[in-house]
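Each of the next two complexes has chain A plus one other chain: chain B in the first, chain C in the second.
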Partner chain A sequence: MANKETNFVDRMQKLDRRVIFVLIWLAVVIPMLMKLEFPVRPSPVVEGIFDKVESLPSGSIVLMSFDYGPATVPENEPMGDALLYHCMLKNHKVYIMALWPTGEAEANRAIERVITNKFLDKRYGKDYIQLGFKAGNQGLINAIYSDLKGMYTTDAAGVDINTFAMMKDVNKLTDFDIILGVCSGRPGLKEWVQFAGDRGNIPVAGGVTAVEAPLLYPYYPSQLLGLMGGLQGAAELQAALGNKYPEYTEYVKASAGSVNAVRNMGPQTIAHLVIIFFVVIGNIGFFIQQRRKKQERVGL
Partner chain B sequence: MRREIPLLITFIIGTALVMAMFIPHKPFPQLDSEFSIWFDIIAVFAFILGGGNLLRVHVDRITRNHEDKNYSYVTIIGFLFMLIIGLFKVGGDPGLTGNYIAEGTWFKVMYDAVFTPLSSTMFSLLAFFVASASYRAFRAKTPEATVLLIAAFIILVGRTPLGHYLTFWLPDWLSFFHIPNLSAWIMATPNLAGQRAIMIGIALGIVSTSLKLILGIERSYLGSEK
Partner chain C sequence: MTVSEYIVLWVGGLLTLMIFSFLYKDNPFYKFAEHLFVGVSAAYWMVVAFWTTLIPNMMGYFFPGILGKIATNPQEAEMVMSAITDLPMYARLLRIVPLIFGLFMLTRLLPKGAWLSRWAMAFIIGFSAGTNLTRFLQSDFVAQIKSTLIPLIVINNGSFDFIASMSNIVIVFGVIAALIYFFFSKEHKGWFGKTAKSGIWILMVAFGAAFGYTVMARISLLIGRMSFLGTWIDSIF
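Showing the complex of A and B:
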């Protein structure tokens, strides 16, 4: 019996990693196919974002920065879509830009999904504008802080910036009522806080990937109004938005791809459980081995 | 003079930017804005340097007949292809200010059909390696490692809807132990304290390094004397 236990423990300690890979794959694929969904409750840190966008007067000037690439789309895309949807619902003027070269394409996709498909009455250049990507990272933030039109002489499509009605009253970052960042690294939300929010006393909020969220907590709540951390953060904002505007839940459910963060939390939850299971099994094996070594030492 | 001029530029711009932060009167805010725009213009050239360096490294690999030279062929072909279709806006408006990623451009097609799925795949692989690494390395070997392990458990469960359902039955006076609350506390208290300590340390390091650069004490960025 003891031998059997020893063999099992040893086998588990030397478990082929491909077995773990297969189980993680199943933990993601099965809930995805079964459309397993858990109700999500918004936390105060995410409600802060919802409340601020909700409380801004209609027609407020909002800067949205898409600072991520395709790698983190499952986490960032639902955040960007939810924020853009909320701003459109509230009739805010949205100025879209990107500190990442890949951010412009991601922003275009968000515009297509949210504005072009859902808000047919919104007009380009009057209700929203795509300023696009410019190089410079935090240097770009520093430059547009005092002279936005100096850096953005045209929109992303190359049209003179002064021809757009919504650009008339916007010259610098302090003209914005809020900065919303959807980010996944550097430059990202941290740079927006340091180079724009703090300096100009401009409210900043947004979302980042789950691995980056712990780095942003020192700024919450005084320098960062709210923070979405990873897919869970995105799901919480979607839940908050859905609670107030049920039509948003319908829109998300009808959307394809990775937009539905609440649904995508199903596979993530099961994957987390599988990881916890393996860590527990690994530790049980470790303690049994330790106990065996101790007994061998006493026996000697 | 090869070293003195860059040192002088660093001193003037560094000093002006520091002063602009504390003196919000003419000409400092204007200087700050101008220097930032110059920086952004210079940053654009970093892409040219980056591209040039990428080509140099991979051409060198091919000429030396390196065992991984086939990957270098793929890199160079991919790089040049994307560069050409992006620069000339193939499939879209070919004007100088035309949008390289507009609907219908080859760049947009390649971005959507190749770059996006490849990037997502690479990032998704992390989940498998994290699970495997957690199984092998996450052991309660010491009291510190045990605390880390418990914190990781709480965060892993607390960052999912499951955290709520596991402990929602707790009475109000035990609400602190509700997993989402515990998870939020870990993020907002011990994590925040650690992060702040690290950030303050880094900031002090940046201040001292910046001063050394402005005053010309640190000169390694200028390259070797030769």
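Showing the complex of A and C:
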């Protein structure tokens, strides 16, 4: 028995890392092929975002900032799409901008997926506008805090900003009812909290990549209305939207790519179980080895 | 699917496989993909910085005609050009100051005169520190202290809320214990030492949560790549 235990522990401790890679890969691919889905329940921290967007009166003015790039699309894309969809559903006026140069292209893709495909009655310049990217990081937030039109003299396509009806009553950040950030680093949601939310008492909410989420949680709930942390956060917002608006679930199910965060939580969960298994096995092996060393010392 | 989309899909698919091949062992395909990524990224950011910062914020002020040429439409060209030409000359020439600082940065490449780059660095650090200091003080210091001053016994609608109370107790105790762990002016003995020790546990839980989130982020990216490879394979068959 002791020999069997020793052999197993030794084998696990010397396990080739490529075996773990293959198992993780299988844990992701098999559930994807099987379209494995687990029920997702929105947590209070994500419900905070949903409730705020839901409770805003129709026609409220919403600033959406797409501050991410292609590297984090699987996490950020479902967040941005869900927020945009919700805003359109509630007939809010959405002002889209980006602190990241790559964010403008991501925002354009979100507009195409959500507004162009689903909300055919929405008009550019009346219901939504793409302000685009401007250099300056938090300096840009500082500048548009008091003078938005000074920085954005035109929209992303180069059309005079004053020609758009929805720009008439918007001059500074405090004119917005809420700021929604979809971010993956710096500048990102932290900067929106620091340089806009706290400074002007403007409600700020949004989603960030899972790596960044632990840094943002301390801001909840006093400085951040709600937070989507990684894929799980995105899935929770999609679930909240789907609970209230079942047609949204149908829309997401029909979407291609990584938009469906609820479905992607299936492989995510299985992969986590595999990792937990190895963490547990690794720890058991560690303690058995420690015990063995202790026994050897006593024997000596 | 258009021809260009098809090509993009193939290039993306092959490069993904080349990068993944590193998981088996280092190889020339991985090296090629890695170097290509570094090169393309560097070039991309350089071009972005040139067209979004150097041209509109610097060269455009000296030669407004450039902005007219790069504008997306004649209306924009007229707007941006007139906005700059309407400025008094001194306001336009003030842009020489950041230009000089920018050139100072490049002196790092010279064997003599590299010290000039310190002036530019000093300006950047000074500006960043000044801009960020007040916001960090407000959002990460004052507001965070305020968020910790919460009732330990929560009464909701006239009745004791056990969950909310426990949550607040954990927050307050966690903050105090973690702070005590980093307090080295008093020896960690007795109740002080025990609290400091529990502070370590609080920190370990925080690190564990951060690690868990990192795992989730990496698996999400793997799911994204697998989804992309699925689209690629679908396009072949």
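Observations on the structure shown:
Please note the rule applied: the second predicted complex is superposed on the first by the 296 of 300 C-alpha atoms of A that agree within 3 Å, B and C clash if a C-alpha of one lies under 4 Å from a C-alpha of the other, contacts with A are read in each partner's own complex, and residues count from 1 in each chain.
Going forward, a residue touches a chain if its C-beta (ideal position, glycine included) is under 8 Å from a C-beta of that chain, and two chains touch if they have at least 3 such contacts.
This one's a predicted model, so the numbers in the text were calculated from it and none came from an experiment.
Superposition of the two structures on chain A leads chain B and chain C into a clash. When the two structures are aligned on the shared chain, A:256 is found in touch with chain C, with no touch to chain B.
By the touch criterion defined above, A:246 reaches neither chain B nor chain C. When the two structures are aligned on the shared chain, A:104 is found in touch with chain B, with no touch to chain C.
By the touch criterion stated above, A:264 is placed in contact with chain C alone, chain B being left untouched.
Touching more residues of chain A than its counterpart among chain B and chain C is B.
In the superposition on chain A, contact is made by A:139 with both chain B and chain C.
By the touch criterion stated above, A:59 is placed in contact with neither chain B nor chain C. By the touch criterion defined above, A:74 lies against chain B and chain C together after alignment on the C-alpha atoms of chain A. The interface of chain A with chain B overlaps its interface with chain C at residues 21, 24-25, 28, 71-74, 134-135, 139, 142, 154, 157-158, 210, 213-214, 218, 229-230, 232, 268, 271-272, 275. Against chain B, the residues of chain A that register as touching in their complex are 15, 17, 20-21, 23-25, 28, 38-41, 43-45, 69-74, 104-105, 108, 132, 134-137, 139-140, 142-143, 145-147, 150-151, 154, 156-158, 210, 213-215, 217-218, 220, 229-230, 232, 235, 265, 268-269, 271-276, 278-279, 281-283, 286-287. Residues of chain C touching chain A in their complex: 23-24, 48-49, 52-53, 57, 71-73, 75-76, 79-80, 83, 131-132, 135-136, 138-140, 143-144, 146-147, 206, 209-210, 213-217, 219-224, 226-228, 230-231.
Within the complex formed with chain A, the residues of chain B that make contact are 29, 32-33, 36-37, 39-40, 43-44, 46-47, 93, 95-99, 101-102, 108, 111, 115-117, 119-120, 122-123, 127-128, 130-132, 134-136, 138-141, 149, 152-153, 156-157, 159-162, 164-165, 180, 184, 187-188, 191-192, 195-196, 199. The touching residues of chain A, when paired with chain C in their complex, are 18, 21, 24-25, 28-29, 32, 71-75, 101, 133-135, 138-139, 142, 153-154, 157-160, 193-195, 198-199, 209-211, 213-214, 218-219, 222-223, 229-232, 256-258, 264, 267-268, 271-272, 275.
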